[in-house]
Structures are given as C-alpha cells and as structure tokens.
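Quick one: the structure is below, questions incoming.
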Amino acid sequence: MIATSTAMTNSPDLARSHLRVGVIGCGRIGRVHAEVVARQLPGVELVAVCDTDPERAEALGRQLGAAVSGDPEELIGGSGVDAIAICSSTDSHADLIVRAAAAEKAIFCEKPVSLELDELDRALAAIADAGVPFQVGFNRRFDPAHESVRAAVVDGVIGRPHLVRISSRDSAPPPLEYLRASGGIFLDMTVHDFDMARYIAGTEVVDVYARGGSRLGIGVEAAGDVDTALAVLGHEDGCVTAIDNSRCTAYGYDQRVEAFGSLGMAVLSNPPLHTGSLLVSNGGLTTGLTNSFLDRYAQSYLREWEAFVESVRTEMPTLVGVNDARPPLVIGLAAKRSLDEGRPIPVAEVEASAVGRPG
Amino acid sequence: MIATSTAMTNSPDLARSHLRVGVIGCGRIGRVHAEVVARQLPGVELVAVCDTDPERAEALGRQLGAAVSGDPEELIGGSGVDAIAICSSTDSHADLIVRAAAAEKAIFCEKPVSLELDELDRALAAIADAGVPFQVGFNRRFDPAHESVRAAVVDGVIGRPHLVRISSRDSAPPPLEYLRASGGIFLDMTVHDFDMARYIAGTEVVDVYARGGSRLGIGVEAAGDVDTALAVLGHEDGCVTAIDNSRCTAYGYDQRVEAFGSLGMAVLSNPPLHTGSLLVSNGGLTTGLTNSFLDRYAQSYLREWEAFVESVRTEMPTLVGVNDARPPLVIGLAAKRSLDEGRPIPVAEVEASAVGRPG
Amino acid sequence: MIATSTAMTNSPDLARSHLRVGVIGCGRIGRVHAEVVARQLPGVELVAVCDTDPERAEALGRQLGAAVSGDPEELIGGSGVDAIAICSSTDSHADLIVRAAAAEKAIFCEKPVSLELDELDRALAAIADAGVPFQVGFNRRFDPAHESVRAAVVDGVIGRPHLVRISSRDSAPPPLEYLRASGGIFLDMTVHDFDMARYIAGTEVVDVYARGGSRLGIGVEAAGDVDTALAVLGHEDGCVTAIDNSRCTAYGYDQRVEAFGSLGMAVLSNPPLHTGSLLVSNGGLTTGLTNSFLDRYAQSYLREWEAFVESVRTEMPTLVGVNDARPPLVIGLAAKRSLDEGRPIPVAEVEASAVGRPG
Amino acid sequence: MIATSTAMTNSPDLARSHLRVGVIGCGRIGRVHAEVVARQLPGVELVAVCDTDPERAEALGRQLGAAVSGDPEELIGGSGVDAIAICSSTDSHADLIVRAAAAEKAIFCEKPVSLELDELDRALAAIADAGVPFQVGFNRRFDPAHESVRAAVVDGVIGRPHLVRISSRDSAPPPLEYLRASGGIFLDMTVHDFDMARYIAGTEVVDVYARGGSRLGIGVEAAGDVDTALAVLGHEDGCVTAIDNSRCTAYGYDQRVEAFGSLGMAVLSNPPLHTGSLLVSNGGLTTGLTNSFLDRYAQSYLREWEAFVESVRTEMPTLVGVNDARPPLVIGLAAKRSLDEGRPIPVAEVEASAVGRPG
C-alpha cells in the first residue's frame, strides 16, 4: 500500500491565518495559480509574481495587484512571503525547490518536479531536510469526478480493485518544439496518468509494459517520441492498470477513468460542453467536449490550493507530497525503456540503475 | 385513493394449472396475444382463434397450432375454453364481454373496453354479476420502466406525488379511416395516458383541461379531431398531471413518464435502438428510437399475460380490473368536452350527464 | 411572431471601447454582476457601486477596487459612468430606470422590471423617449444549453414548434418574508419561464391556464400564494407550452426545457454535479444536481454582459430589450387570474383591464 | 488487411428458398439456435434435433415440432437436411464439421471451432475441400451496437483506428468443472474479444501481451488458469487493442467496445435493464445490467442466422467464415504463452510451432 507521510512540518510560523504567496513563472499555468491565489482564497494574498520575461510578470502583477520581482532568489529570500508556487519551466524546478526549502518556505510545485531522477531526489532531500510543507501539482486528484472514483475505492464501495482503465487524450498536439523538450509522451503526458493509477488503486506500481506509435503525422518520430501510447501497469497487489494516450483527438479533451473491483465499478466520463441535445429523424445529437484542460479542470486548481493552504495552516502533511512526486517519474522512465526494448520492465530495474543517488 | 377491488372470483374451476385460451380477433394485436399465449406461458394453451376474416384466422391458427373458429359465439360457448382474449374491434367488445361473462369464462379485453359509457357499464355489470376474472389490456402498466416509476410512488421513495408529466407521441399517424372511427385522440390515444396518470399517481382524477390543434396536415380536423394535444388532470389530492400527445414525431415512438414528489423524482426515458454511439468533431451521435409500439412494449405483453394467468389461477383480483376500465373513458369524455368548450371540466359533470345508467 | 426592436440607440458617445459601469444594489445578484463587470470584461470598468446598506457597498467596492456611492442619484447623474446596472429591490427598478434614462445612460436591469404593469410601462416609456440601450436580466437566454434549444427552432432543425415543456423547480424555498413580497410564484419564479416560452417558441402567448397548490407546508397559502404550479400557455400560432414549478425539490435545482416540433425535438437536461458514477450490485448511481442557480447559470451572467456591452458599443438593439420586458409580466398577471378564477385567461383580457395606461 | 474469402460455394442445390436445418446439441445454446430456426426464419425449417442426452433432445423436438435423432451421423447423412448447426461440446466440433462437409451440408458451428490448432485446421481443410458454406458463431458481430462500431470504421467515420478498447466481463463464473475443461480464459472467453478486435479494427493481429491473475477466489489457479485478464494486441498496421476480462462482476454482464481513430471515436455501452431512473436527495439511481448473455445478445442470434441463410441461398461467402475461425485461436494460444512467459509473443511464433500442420 502507498505510505502516507506522517512527518509533521516544522515551520509553526506558517500555520497562521494570513498566508502570503509568491508565484514564480507567469506562463499559462502560472497565471491560473496566481489568479486562484489572488482572488479565490480567503486569507491568502498574492504578494509577488516573477518571470524571466519581465513584461509577462508586469502584466500579471498589474492585473492582480501583486508586486513584481525580477529575480526568483529575491522573491524566495524575502521575509514577506510564506509560500512559493513554482510554475516555471520543468528544468528549473529542482533548483527552486532547494532554494525555497533552504528559505523555509512552504512549496507548491507544478508537475513534473523533474525529468531527471537524480535532480528530483536532490529536491526531495532538500524538502525532507528543511521539513517544509510541499505539494506537487497533480491537480486531477482534486477534480470532484476523479475524487469520486478514488472515494469508491477507499470507502470499499467497489471492493478490492482488479482493473483500472484510464484514457487520457489531448484535443490537439503541442508545437513540435515543445514536444522535443518534453521528455517524451510518458514523462510529459502519461505522468499524470501514472499518478492517477497510484491514486485510484491505492497501491504502488511494480512493472510497466508500454507500446506506442507515431500515427498522427506530427513529426514526433524525429524526436524519438510517439504520439499514441498504451501502458500496462502491474500493481504490487496484482491489480492491473491500462492507460491509453493520444496527442490528438478529433472531438476534444478526453479524460476518463474506470476502477473495476470485486463489488462494482466506479467510472468518470467526459462532461459535454452543455446539456442541450437534439433528437431528429436520423438519431440523437449531443454536444462534444471542451478542447481545454483549463476548462475541464477549473475546479481542481481552486481545490488543490484550498488543500495546500489547509495543510500549511494545520501543519498536516499535504495530500500530494514527497511520496507522490517520485513514483510517476520512475514509472515513466520504465515505460520509456519498455517501449525501447519491447518487454515489460520491473520498476525496480529503473531504481537499480539509479543506485547511489539520494532518495 | 384508488380502491382495489377486493371481490374474489367465484369460478374456482378456473384456478387450475392448465389454462385453455381462445383469442377473438386476429389483427395485429390479436396475433401478439395469441403468440404469447401459444408459446410463452407454461401451462397455458392456445386452443382456438377466431376472426371475421376466415383467412386471417386460418393463417394464425396454422402458425400456432390452434383450432380455428368462424363464430365467436361458438368459441365462447365451448366447454374446451377457460379464458377468452377479446382483441376484435372496439365496438364489439361490450357484447363479447357480456357473452363471455354469461359463459363464465375468464376475460382478457383489449383497451379501450368501449367508446360509449353505457356500453362499458353494461359490460362491467355483466362481469360483476358473473364474478368472472377480468383484465383490461393496459399493457404499459406491465412495462418494467413504467412499473419502476409506479413502484417509486407506492414504496414512498419519491414521497407524495405533486406533479406527473407524460409524453406519449406516435411515430406516424394511422390512416385517416382509422382516425375517423377512433373516437378522437383522447379516447383512442390519450386513454392509455389517462390510465397511466391514475396508475402512477395512485389517486383518482377529478377534473380535466384539454387543448389541442391540427398541426400535422393529416386531415384530422375534417373528422372533428386534433392531432396534437395537451391535457391537464387534477387529482383528488391536488396532484396535477400534464399529458402531451402527438400523432407524429420525426424521430420515433416517444413514451416518457415523470413523477415528481416531495422526496424526489422518478422518470422513464426512451430506450435507444441500440447502445452504440459516436463522438466526432461536431459532437456526439446516438441512435434514435424504435417506430414500433410492439418493439417498445414487447415485454409488457408477456408480463400482462403472466399476471392475468396468475390471477385466474390464484382466484385473486386482476391487477387492472373493473375499477380501472371505466375512469380512463370518463376522463377522455371530459377531455373532449373541455376541448370543445374551452374550459376545465369536472369529471363529475360527465358522470352526471350519464346518470341513470349502470356503473 | 415576436417583433425585434429596430430602434437604434441615439447615444453615439456610448459606442466606445472603454465602458464605465456603475452597479446599484450590492445583494447577491448585484455582487455577481459587479464581479463580472470588474474582472471578466475586457475594456469594461466597474467605476462605482451603491447600496442602501453602506457596509455592503463598502465591502464590495473594496474587494473589486470600485468607488462607493451612497446615493444612486449621484451615481446615475455622474459624468464618469456610461452604463447603470440596476440590481436593487424590484420596487425600486422603475424609478431608477426613469432617472437613468433621463441621464442618458445605458441600462441593464435585473428581472422583473416591475410587478406593476403601469410602473413597468412608465419605465419603458422613459427608455423609449430617451432612446438609451436597455437590457433586462433574463439570463437564462444566455445559457448555452438554453441557447441550443432556441437555435434548433430558429435554424429550423426541429421544424415548426408544436409543444414546449418547461420544468423549473427550486431546490429550497426562500424565506416566508421573501415569498410575501414576491408578488406570488407566477411573477417571481414562473416569470423566467414565461420569458423562456416566448424565447424558445418565438411567438407571443395569447392565453394562459394555471393551476397550483400549497403542497410543501411552507406557509405560502397564508400569503395567498401557491408553492407548486402548472401553467399552460397558448401561443398565437397554436403552439402550446406547459410549465411546471415547485419551490422545493429534494434533489437540487431542476431546470429543463423541451421543444417538440414537426422535424424533431430539442431538449436541455440538468448537468450533474460531476461526471463520476458507480455501478454496483443494486444498479447505477450518479451524482445529483447543484442546489444553486448561481452555479447552474454562472456562464450566462458573463454572456449576458458580453451581449449587453456589444450592443452598447455597436449601437445595435439589445437581445432582450423593451419588447421582452412586458410580456412575461402580462402573462404572469393572467396566470394569477386564471388560478383565482379557475378558467383560461386571454392575455388580451389583462391588457384590457390595464387600458388607459401608457405602453 | 483482413482478406475476405472470395471462394463461392459449390453447392448450388443449397441455394433454394426452403432450407432444412438439423441441430446437433440441445444444451443452452443449441436450444437458442433451434428456436430461431424453428420459429423466426421464413422459409427455414427445423427438421431434426440431436443430443447425447435423449431426453433433452426429445423435449426440444416435441416443443418445436422437430424430429429427434439419436445419432448425429444419421442426421448429417440424411437426405432431408440441407444445413447442420453444430452446438455440441467443443471437442466434438472438428469431427462433426468433417462429416458434415463430406455430406455436402452447409455448416453453422458454434465458437470456438476447436481448442486445438491441428484439429481446427483439419476441419477447415475439410470445409475448403468440400466447398460448403461455413459460418462460425461469433454472434456479437451481429449485435446492432457492435455492428455500429464496426460500421464507423468501415465507413471512415472515425478515420484510421489507433486504439481499440474492449471490456468483456461475465456476471458470474461458470462451475469449476466447466473452467477445468474450458481451455483457459483466453480460449474460452477472450476468444470472442480476439474476434472482435479483428472485426472492429479490420486488420490482423501480429503480437500479444497478456497478464492475468486469480483474484476471485473461485479456484481457477488450481486449474492453471486466471479469472481476471488483460491482453494487449498489436495489429499489423500499428493499431493497438486492449482487452480486459473478468469471470465475475458484481453488477451484471458487462460488454463494451470502443474504437478510437483519427477522426473520432465509436463506442458501445451496456444497455440498462430498463429506462426507469430515480433522482433523490443523495443522487441519481438507474437500473443495473442483465446477468444473461442470452438477453444481451438475443437479437444477434436471429441476425446471424438471417445472414447465414442469406449466404447459403445466394451462394455468397458467409460473413464469418473460414478466414475468421482460425485467428482467434492462434491469438488465444499466443496470449496463453505470453501469460506463462511474461513477455509479448509474436503470433508468428505460435504459427511456427504449429509448422507442418495443415492450415
């Protein structure tokens, strides 16, 4: 079973009603977090924003009434900030975590924490040393529909899980430059689903078999990547998860999860754009799906922040903490290897090749 | 509340395991009943069929291995028949009921029993005098989805009913000749829904307001009829039912019922032709509905016969008996008057104009 | 058919890119509008808020960075405001409209404009005299699901409408004091549905038959009101609308519309709280509905403002203007009379009793 | 791509309007076929039934008015029979096919044709030699919902298929004795899904990765079998199919298929028992699923016979013929080996180990 961190945070001064947050990274997801922090959380204040692009930071700071900092070091080191939201590019995450931990700030970090196992371990070690609150931005865990499937497992409503099915498909592929730097579909996209598999089943993954292909003609093969993938995860208790991904559907953003267990099945389906429909001579017509993950998961961004703030205030472990940051990366690395070698890969094999590194 | 008939049948000899049935009328609905009787009911035998058209009777008899009788009198009077299924034209029902009652046969009669209140009362009186089992063919009561809505009321799951909504729309209009002899939409089509309103709400209807129009261009106005109708029924306890009808939809046979009560709502929707669907760039597509009431209600024909046979065998009152045959006709007559006069009509007003007649 | 207002506005100075809005009334719905104006509309500025309760105004102004005005007259008369949003209590609407029209401001007014026909006519006359843009807050028209049903009629997808069904039921009744001042269920609640009937069918209503009862034990009968109602509307072209209402469901906020026409049916159903569901041994379980109209219609508030701002900027008639403000009130008064007198009421009869008044 | 058999049958005398059928095997599925043949197919006659249990044959023959034969040889060899339906135990199929082919009868054979590749090849060779019509009973292909998914691929509606998902789960496990003789879950149960993967995707399967476990406590592990399984199929064009199975759900017979392609997705879901539902304070409740594959697939049995009879009469190839009988068995054998060896198995590897055998 997945261990719940029981370590208490050692920063009692964070446990207060007024929480001051600085956001590093003012891109698309950074703006989402900054707006939640500035407007939707009672007793929480957005004190500063920071970006490598000063204009982007300036615009966001003006819109939300926050100070603008040109230097993340300054923002992290300042005494007027209690918590740091790290929303910058993935390769900067580990360094920023290490600095924020040293400054004894509570840390919220976008996923993935890192594409490199040793970098990730360095960051997690710093968090452990400092004992600061830490939450990773696996926002889907805070989507009410996903939570309902998880709750059906936790509460025993569907019994012991036998099979988990996850479909996670984007409505349109990102630019090729993005794809080249993404670490590949398993670390960039499926990583969310690897987290979901652990969250839904409640058990650790022990082996991975992955397949994939370049089916969309978007040029991923040149980058050594695939655009369509299937991953099969074996869990420690024998439960099996099947995940399928595509970089492009014709019909919108497709996100479904199903947990099948000894007493029943819990499912989440896609919400339609609206609930109007037609019935005419050739059948029924309903609306399609949103194309936007921001629309689909709007609630989850607020709810993950409510949970993070609550954890900081009550000095309780966060709901998605250090124990949850590492496994999705390890599973992703195993998936990559499985695709390359055409055989199922024990997760322990990936761990073994990382021996000697902290974690 | 609707009284349940408590009178036991006085024909103990019918209460036996082997039941011999004769079917009068070999048209579309007669063939449905004959096939159920011949093939789907253990211990029940189709002994004879009868029709004014000898070829039609001959064909059905041959197909199902039953004798053919040219004369209903002969079939009813014969000693080899325990129960009569009356599936002939509506204007012959009352006479056949009177004869079958006199011959002490159990009687199953298609709806409506009659379009004339005095004829209906004559038939019901004969049944009461003879004490024979009697069931009227309001088959929708035996459809599992309709039963589930009724059960939600009876079991208290939705509390006290406040509002009932019924949509009942045909996929295509019958021939104009049929319409001319039908007694009008309220006696021909809505009569099923009037029965349903009583069945679902579990209370008697005390007044009716009806509207309608000729919207389909099928010529009903020449026959003094409407092809699109709305009827509002006031129940004795204040519950209100709204029924809408159309002789023609573009999309198939549309049958929906909803009961809204103090604790919730019970609904039945239309089954699609099958459960395949599509999701493409312009939305979702599902199949339409069946055009055929025989397909939609196939189960109900078997189940109403199972219930009838069970009632005959156990000498218990039928589930749709003498108390249920009359109210739909009276409500239908009130609806007709309401449409003509443009005002709500108390059901008692229709009864009053029928004073002096049995019932 | 419903006439579209063709009168152009005569306030060319309003047609500019930067629009300054003042909100009068900082209660629940006023706060919704103020937040939309302040945060969600590019080029639109919330310049001031005003309320009879200074603390309420102060809190909202501080939250949204707007000035606070103690006096609506001052806000309306000021040169720094281009448009007024009237969100105060219904009995103040007409006066505020007259003043805002005199000051040549664009006017957005919450529904209902008035509970008194002569007051409403006085307000509409002032708008016509001043030629200012005017939009009434029938927000459901801007809900995407409602729009899709309307579009199916306008685009001819379902052909000529024969029947419209509307269910509109609150999740919990308002306080009794509110109900006493509400003008009764037909003017307070069904008024939205009367607007919807005209919007969906696209034709005027010519007569009304209403029924209702006190079924919930919430004390409305003492106020001469009902808590459960059914209204049947006859449209000028023979289309019939059936509306049902309840002040309280056990299962959440229930809002459904169906348009049945010669070529098909357009329907809108209730969105569930989320899309998770269960399938266990005793059947399937889904979530219920939201209890909150603010949640259900969140999108519509933004979209009605986008439409209003667009109309003001382009000097085009608003989508819900003077022609749409009056009919729902007249229909509501007819419904009230129908309930009292137990007969269908021609809308012309209500108009006739208002003879001699402007409008 | 899957080759369509182009060989015409060489039995012109079968191509006549009156077709006489003999059914061998009067167990559950034999009775289904016999009833379809006897009652639902115009111009088709059930002339004889045959079973190793004379009482069982006697009962069915009496019920359906067919002769009873104690000896399959006699039935096959008789001149009064045009077509043989082989519904006996799987180990008898190959022999009966060989005999029926020798007797130049049209052959309908229940799936699987054999659990042994060489036996299957012997039977297929006999069919090819005799040139008789042959159809294997993969009835799901004739289910309208499954057909709709296939049609969406064939017609190009969803574009080129990238991913196929199949869930196929029984409501309750068969007796342990049955399981012991079943050949294991992949040959007994998944074989239907292997056929479906080829049918839906329209391409051959080239490799298989399978996982499974004993999760239900029904004793399959003693028989070297699993009760819960996941199989991943690689198709020749790169499409990937994921199939999951369980011997027991808590909620009924669960059969779903999804094809995801470049232009959209085609899905089939489970039909509920009926269309009634509830909405109460704690959410919505719907019915569960049937427990019976006979109920779920009732239509498909009739439609596969209609197709078979049409093929025989028109001398056209059957829709599920010799080319479709072999691949599911080969894929099943590969799946078994994959489960044993923990690696993906090329289908060619199974073929290679069967070298020297006919086929």
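Residue numbering begins at 1 within each chain, and the chains themselves are lettered A, B, C and D in the order written.
Criterion: contacts are C-beta pairs under 8 Å (C-beta built on N, C-alpha and C of every residue); 3 or more make two chains touch, one makes a residue touch a chain.
Just so it is clear, the model here is predicted, and its values are computed rather than measured.
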Chain whose average C-alpha position is farthest from subunit D's own: C
Length of the line joining the C-alpha centres of subunit C and subunit D, rounded to whole Å: 59
Inter-chain centre distance, subunit B versus subunit D - centres from mean C-alpha coordinates, in Å: 41
Computed distance of Cα centres, subunit D from subunit A, in Å: 43
Subunit C: positions in contact with at least two other chains: 158, 250-251, 263-265, 279-281, 287
Chain contact topology (line, ring, star, complete or other): complete
Residue numbers on subunit B that touch subunit C, as the complex places them: 158-160, 162-163, 165, 167, 169, 209, 211, 213, 215-216, 228, 230, 232, 234, 238, 240, 242, 244, 246, 249-251, 254, 260, 262-265, 342-344
Interface residues, subunit D side, partner subunit C - complex: 250-251, 272, 279-289
Complex interface listing, subunit C residues touching subunit A: 39, 65, 143-149, 152, 157-158, 263-271, 273-281, 287
